[in-house]
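One structure coming up, written as structure tokens, with questions to follow.
A, B and C label the chains in the order they appear, each numbered from 1.
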């Protein structure tokens, strides 16, 4: 298990925890909470893989199911003590997001798509899981209303594209792109930066 | 039409009825109710087939559309007299669930996936339709909160796996696996057995 | 850019506007509104393409993303003045619907599916985007409860099929089929024609 795998597992764990905690607030049973946690963790990559017409990544190795089971077990055992770890989870989530987006970008790039598709696929990889999570718990998706989340994925994609055009080495490109996402997330949450709310035609 | 087809149609009918009845409680029109009934009946198998990257099963023969139309017609004509048949529908639904899961398992197995994927595909085949149904009528999915439903599919999958490892004949394997699902459902509903609710970090 | 492209863009614009306006009523931010607008415009065709197992149409050219960006920009700049254009949008939407359905029909027909699948694919192309839109803003899908919308798509499909059987020339078939959808929509809204509400078994 190398460093990338470690980040992948930490990100999956953080994503799964976010789903499981929201499910527990809605009185889901253990099985339901597991499903919501799993969908949060793998939903974005699954939609990406369906759009790219390849076998969904989690069908090729069971680690995502196992990590989600560990996340469920942690919530069951640790319960409300997990609240104190909110900042830890935020960091895990941000790092996981950075990695997920970069993985999504590279997978789409190697499938031969142009960069505007690639950036969309990176964004979908990072943020669609949270959207499906919110649909399952019957809430308006959080990322459409709060903080900079999906936009951080787009920024990471643009940074990746810039590095790619400047012929930066692949490893540096990955690190710089993922870092730009992590930093955007941290700054957005710390300074309450958000995208303006749309004042549209239906408002009074 | 052989016995398997008969069960397949009965299960489709029961699944469609469950969707149409919930849609009628939400004042959907006939067309909307038909769509919800159809999605309940074919949604799980459709997601399975998209994940397996094969043509969705209902695009290959029109019987599922016809059976759903019969289900809609029954609800329109019989209306509230159907309430008295609740137990009949429960049995149809349980038998249909058993069959759907076994069909999903065999299709995924013959596509060459390992057993943990196969069991997931069986569970998705049996329960994802009900989840999409609940999303369409804008409710929190019932199976995440009540009774043992998706878990019965997992149990059926594990039984199938055990039979497979013990080299039980295919027909016996199918019958034993489907029966374990049907029996689990009946016991769970009769004795109000359910998965524990998750007491998580967001509760007070 | 020929006439078909012009209608395609106008339809995409009208569909995107409908999503963006509903998102703005829910206080979505700009990014969220863009996503809802985009999904409304491309959601139906995406589900069709996933079912047909071909690369989603919008991944092959960026125009749908650009038109959706123009729609968002219009709502931001023009805001409540857009309300006065409701009738214009309705006409755009009806024309776009007619075109989308015909495009969906032709794509599925050339993939070799029988006509009952083809008509379903046309209907999905025209109406599934609005269903996903309503799921994202956490409302019961409008088309299941109000006006004739999805049914107009089915009617257009049946008209297409009739023309096809009568060996009408392709161009005439397209025009007659799309027109039947547009006229159905206009008549349904003008005379408040709707599908009957289902009085089902759960009502008291």
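The criterion applied here is as follows: contacts are C-beta pairs under 8 Å (C-beta built on N, C-alpha and C of every residue); 3 or more make two chains touch, one makes a residue touch a chain.
All figures in this text were calculated on a predicted structure; none of them were measured in a lab.
Under half of the residue numbers at the interface between copies chain A and chain B are found on both sides, making the touching surfaces mostly different. Per the C-alpha superposition, chain A sits rotated 120 degrees relative to chain C, a value rounded to a multiple of 5. The distance from the centre of chain A to the centre of chain B, each centre being the mean of the chain's C-alpha atoms, comes to 30 Å. Of all residues in chain A, those touching 2 or more other chains are 50, 53, 135, 138, listed in ascending order. Against chain A, the residues of chain B that register as touching in their complex are 50-51, 53, 113-114, 116-117, 120, 131, 135, 138-141, 143-146, 150-151, 194-203.
Of all residues in chain A, those touching chain B in their complex are 20-33, 35-36, 46, 50, 53, 55-56, 59, 62, 65, 72, 75-76, 78-83, 135-138.
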